[in-house]
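Next, two complexes with chain A in common: one pairs it with chain B, the other with chain C.
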Partner chain A sequence: MVQKIDMRSTLLSLTILFVGVFIWHAATHVPDTGPTGVELSQGEMDTLLGKNMLSEDIEYYATQGVEFAQLEQIASLNLSRSMIEAAGGIQALGISAPDENSAPAPGSLFPSPTQIGKELWATIADPFYVAGTNDMGFGIQMGYSLLRVLIGYSLSAAVAIPLGFLIGMSPMFYKALDPFIQVLKPISPLAWMPIALFTIGDSELSSIFVIFICSLWPMLTNTAFGVANVRSDWVNVARTHELSTTKTALTVILPAAAPTIITGMRISIGIAWLVIVAAEMLVGGTGIGYVVWNEWNGLRLDRMIVAILLIGVVGMLLDAAFARLQRAVAYAE
Partner chain B sequence: MTHFKDPFNPNIDVWNECGEASESPTDPYAGLSKEDADALKLRAKQSLNAEVGMARALESSVMQGLFKTDISRRAFLRSAGVTGALAAVSTVFPLTSLQAMAEEAMKNLEKTKLTLGFVPITCATPIIGGHALGFYQRYGLDVDIVKTAGWAVSRDKCLNGEYDGSHLLFPMPMAMSLGIGSTAQPWKVVSNVNTNGQAIVLANKHRDNQDPKNWKGFKFAVPFEYSMHNLLLRNYVADAGLDPDRDIQIRVVPPPEMVANLRSENVDGYLAPDPFCQRAVYDQVGFIHKLTLDLWKQHPCCVFGLSEKFITENPNTTMALTTSILEATASAETSEGRVAFAESMAPANYLNQPVEILKQILTGVFPDGQGNIKNVPDRISFMPLPTQTMGTWVLSQLRRWNYIDADTDYATLAEELVMTTTTRERMRAMMAADPNLTFSDAEQDVYAPVDIQGREFAPAAAQQFIDSQPFSRTVG
Partner chain C sequence: MTKPFLSVELLTQQFPDGAGDTLTVFENATFSVAEGEFVCILGHSGCGKSTIMNVLAGLAEPTSGTVIMDGEEISGPSLDRGVVFQNYSLLPWLSALKNVMFGVAARHPDWSKSEVQAHSEKYLAMVGLDGDAIHRKPSQLSGGMRQRVSIARAFANHPKLLLLDEPFGALDALTRGTIQDELLKIWNGTNQTVFMITHDIDEAILLADRILLMTNGPFARVAEAVEITIPRPRRREEIIDHPNYYAIRNHLVHFLGSRSKELAGQSSGSGANSPETIRIDRTEKDTPETDDDPTHQAHLRAVNE
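What follows is the complex of A and B.
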């Protein structure tokens, strides 16, 4: 029965994927027919020849789809073929003012699935190239991001879990710290960033700090909640056995609260991964967030989407790792 | 200024013993083999360094001792060849140790590993192309250039020392030195990395509404508050009778987001750096209303900035770095240079833009999005000398719009913040050392009044000038 549901859900997922990609393809696909040539009348030819434009140049420009109005201006400006080549070629130069008849400009269309597929393959096929400080393969960029997340997240866990225990075990601390947690928790990483840059004065440390501060709260509150809600019978049993506080915390409360703590950690890693992309877009330099920004900067939507897809996949893998950990510590009462 | 006369060049007179001024030849390397010419050019470059220059003076006296007159020296060099002569003379006299000393001095840089920041726009051409085409290496520098997301981050990374120097907007070193919008830290305008090179772009729907008088309620984007873009746009609309703070809205938008904002009609237009003006035309979302050079010919735009601390702590490195950037700037101004720089900057490591757009911008042959093709060779220019007139105008305009909140002596302040004299001396020394290098702006009057939108601005009368301008915040 369970197997059957699994199979059907997989089938449904695949159908949704295919339908989605098909609609996308249909909406964005423009057949590449090359430039549409322009027919020039004899009178127009004569005007251009009269302005000393060479006949072979005129023919070439016309096959590239440049209208008479533009050609006349090129002739009046005395632009030679070599000057046009130096200025990036006739096609880009001949872009006319848009009207309802004009073909869409290069780069103005949303990329089609085939384009994305091509870029995706190119990206995955060569993940570790280094073409300069500002252009490295996605493997390296992903590595930078993961490293930052790892450092910030570990620091955060090292603070949040012990502190969460303290808060959970002592109602007084819980009440005292609660207002601070509630105020600091909803602050966006983008708001922390400029403050961090200004005070810490190092963009690398700043991004790590932002990861730290943003992944702290879910872990802290979940740990506190898990610890505070351990069934009181179990703590009482521990007390009748005259266990010390530390021993109670480690042998009774920790295993009992573990699933809640791991849930907090799972939420936090998701947040950390969200935050790193934002932080790197802001600071630049390295990391997968920087890649998104860099492609945005060149208005290369296709490569941006590839980067976004890869961010999603890595985020999913991180989440899956914690899901596995969660199953490992789960217990039945 | 030292004019380096190489005693190993057979084409020139070095000592002029008869006292008559000999004419310097138009091409001092004429008739030499390529190997010889290259050897001489390398020596000329090295002699830009002060200590190498000293060593070369010693060489010159050694040669004078050997040959007594220019005539016999030149005859010997012609028969033996330059490289041959260098080898022959060094067997008799310890020229090699002088040579070694010269190379040592080139290495005598306080810091060779440098990090420079840049924002990915064509204004940064000399800084980016300097990296792509290897200008820094020629002076023994190992430079990393880091692409930066926007001007505020650029400024913060400069202030916290992550960047040794940076591509900045002309008003930024001033704002940073005065502590407007950030903590105060003294920074200097070392040289212009470009002049001109911006445009006012409007969304296609405003094709028939190109008179700024009718722009009330428009939303404009500029890349940063302390930018030439902001100051020029304010000046432009104010002259048309609109108060830039009340009648229109000016938003700060990072350059890469400008085209997308224009497409989604979030803004009606922008005054921005290229490539994002030409990119709007390429993507057919907007058109070029006006190039900023039509507001002010050869107006400043972006600069190469260094902190005062860096300059005092690393004098030799500063000199080498400035020389390499100035050389790249001069090279970008030449017509062959423009194409080469455009090609070198297109990859993802630098500007990450289609190469044809960059070529259109740098060669000045471009469609304006209104159906016209234009040929404006100085659409972007590379005139490195930052003049006092530029500095004074920027400071007084910052006062005009109340970014600086009290009247001050703009001309004196500009003297302090803009390194006109040092940069000019460097440019002269470089031209003397390398006859193939020209800076057409090197000898201009740096206090000369300029015409900005039909008004004459004289730096000495900056206060009166802004007081008389419309909407000036200095009066009433």
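What follows is the complex of A and C.
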């Protein structure tokens, strides 16, 4: 039964993917980028023939998309087609004519799935190239972002979890710190950015600080909640076994509250990954968030979309890692 | 008379009743337990049995009164008083073995891990748990098995006083029977002092040396201490044929059925509320043979302590 559901869900996922890609493809498809032929009226034809231009040459250039005005210029050169070609074509002689690049694109400017696929493949094939400050492999940029998240998040966990224990175990501390937490928690992480930039000065450290502050609250409140709600029976077991407060915290309360704490950490890593992209857009320099903004400014939508896609994949992997950790500490009552 | 092993003196417990007044659960309760004695306490819900248990365990502070065990006043929980809780209170993230080891390691911090494990396995085997089962988590064990682990954890620590808070209350009748037998088997080999709360009259008669009877609350008191005059070792299918069995049982049923209510509900002033010792023994030759009502006063030998 489960297998059947798994199979069906996979089938449905693939269908949605294919339909989505197909709609994307259809919306961005450019059918033919070559020049379209020009239809000449009988009067224009007669004028050109009157200037001693061969009818087969007129027909040839017209199908190349050369307009009447330019055809008149060609006629006034009074050269045969073979001579023009030998001189390097009409463009070489200073007459503007459409080529493959100047043909108007009938479709959208938005990159098609095939373009994204190509760009994605190029990124995967060479993720760590450095060709200049604004042209680095996405692997390197992703590394910058991950490093910032790692530092900010670790600092945050080092503060939030012990503090959460304190708040959870002591009603006095809970009451004393609760107003501050309630006011600071709803502040958007990016609102801290100007304060950080002004006080810290360094943009690198500022984005790490923003990661720190946005990861703090879910971990803090979840740890405090988990610790405060450990079943009193288990605490009584620790008490009747004369365990010290530290030992009780480590051997009874920590494993009992671990699932709630990890849930908080999982929420935090998600928020940290959301915020780093926005923070890097703001401060610039390096990082995958900066890449998105940089490629947008350069109108390389294909590279921008690949970067966005990679942000999603890395976020998913981070979440999956914490989901695994969550399963490891889970227990059934 | 020598000083009893455990003596509860003038114990009073009051709680705020939510309307600004105080609710007196029990007042000036005074009783004692001898070393190696198995005492059961019987009474209706709300009479404060569990509160007495929590005070003895050191998990709750009485409003007034003292508990003296082995010459020392109780304050706070201690490894000398092991507790088996009604809901097992096993740590769900540890296996059965690790749960017992948790207790043993707390009792003997100087032991090596292998010593702790060997000791724990021995006590798990005593309650009939061995092999694969001891490596399972509590959620993978049946209710009866969980309570066995809990009992093993308590016995393994050799507490001076073992407190059992309705340990079989959540089990079905058949499982309850087997675990009662196992408890008796372990207890026979130890000389362990046990104080147990129960709702089950037959369980109390099977296990106890003495049964304390509590009246209904508020102002509950330990009204009687009934001696179980049935020789040990006891087996459940044999004791029912003992001449004292139904006499004692009827007395208990009468007490819980009507007298617990009649005796309930008044503040008794400042005097100590000691239980009246009741001894029912049909095997003694000098007992006059009368009607079968065990509450009949002529039939009872009431001895005040």
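Convention: the second predicted complex is superposed on the first by the 258 of 333 C-alpha atoms of A that agree within 3 Å, B and C clash if a C-alpha of one lies under 4 Å from a C-alpha of the other, contacts with A are read in each partner's own complex, and residues count from 1 in each chain.
The rule is short, and it goes like this: a residue touches a chain if its C-beta (ideal position, glycine included) is under 8 Å from a C-beta of that chain, and two chains touch if they have at least 3 such contacts.
As the structure is a prediction and not an experimental result, all values here were calculated from the model.
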Quiz item: In the superposed arrangement, does A:Asn297 touch chain B (first), chain C (second), both or neither?
Solution: first
Practice problem: Have a look at where A:Asp233 lands relative to chain B and chain C in the superposition and call it first, second, both or neither. | Solution: second
Self-check item: Touching partner for A:Gly132 - first (chain B), second (chain C), both, neither
Solution: first
Quiz item: After lining up the shared chain so the two structures overlap, which partner does A:Ala256 touch, if you call chain B first and chain C second: first, second, both or neither?
Solution: second
Quiz item: So, A:Ala332: does it touch chain B (first), chain C (second), both, or neither?
Solution: second
Quiz item: Regarding the shared-chain residue A:His241, is it in contact with chain B (first), chain C (second), both, or neither?
Solution: second
Practice problem: Examine A:Val277 and indicate which partner it touches, taking first as chain B and second as chain C; both and neither are also allowed. | Solution: neither
Quiz item: Looking at the overlay, what does A:Gly88 touch: chain B (first), chain C (second), both, or neither?
Solution: first
Exercise. Report the partner of chain A that touches more of its residues: chain B or chain C.
Key: B
Quiz prompt | Common interface residues of chain A - those touching chain B in one complex and chain C in the other | solution = none
Self-check item: Complex contact set, residues of chain B against chain A
Solution: 120, 144-149, 152-153, 156-157, 160-162, 204, 207, 256-257, 259-260, 279, 281-285, 287, 338-339, 342, 347-360, 363-367, 369-373, 375
Practice problem: Spell out the part of chain A that touches chain B in their complex, as residue ranges. | Solution: 69-70, 73-74, 77, 79, 83-84, 86-89, 91-98, 102, 104-108, 131-135, 194, 197-198, 201-203, 281-285, 293-300
Quiz prompt | In the complex with chain C, residue positions of chain A that touch it | solution = 233-234, 236-237, 239-243, 251-252, 255-256, 258, 329, 331-333
Quiz prompt | List of chain C residues in touch with chain A within their complex | solution = 57-59, 76-79, 81-83, 85, 87, 89, 91-93, 102-103, 106-107, 137, 139
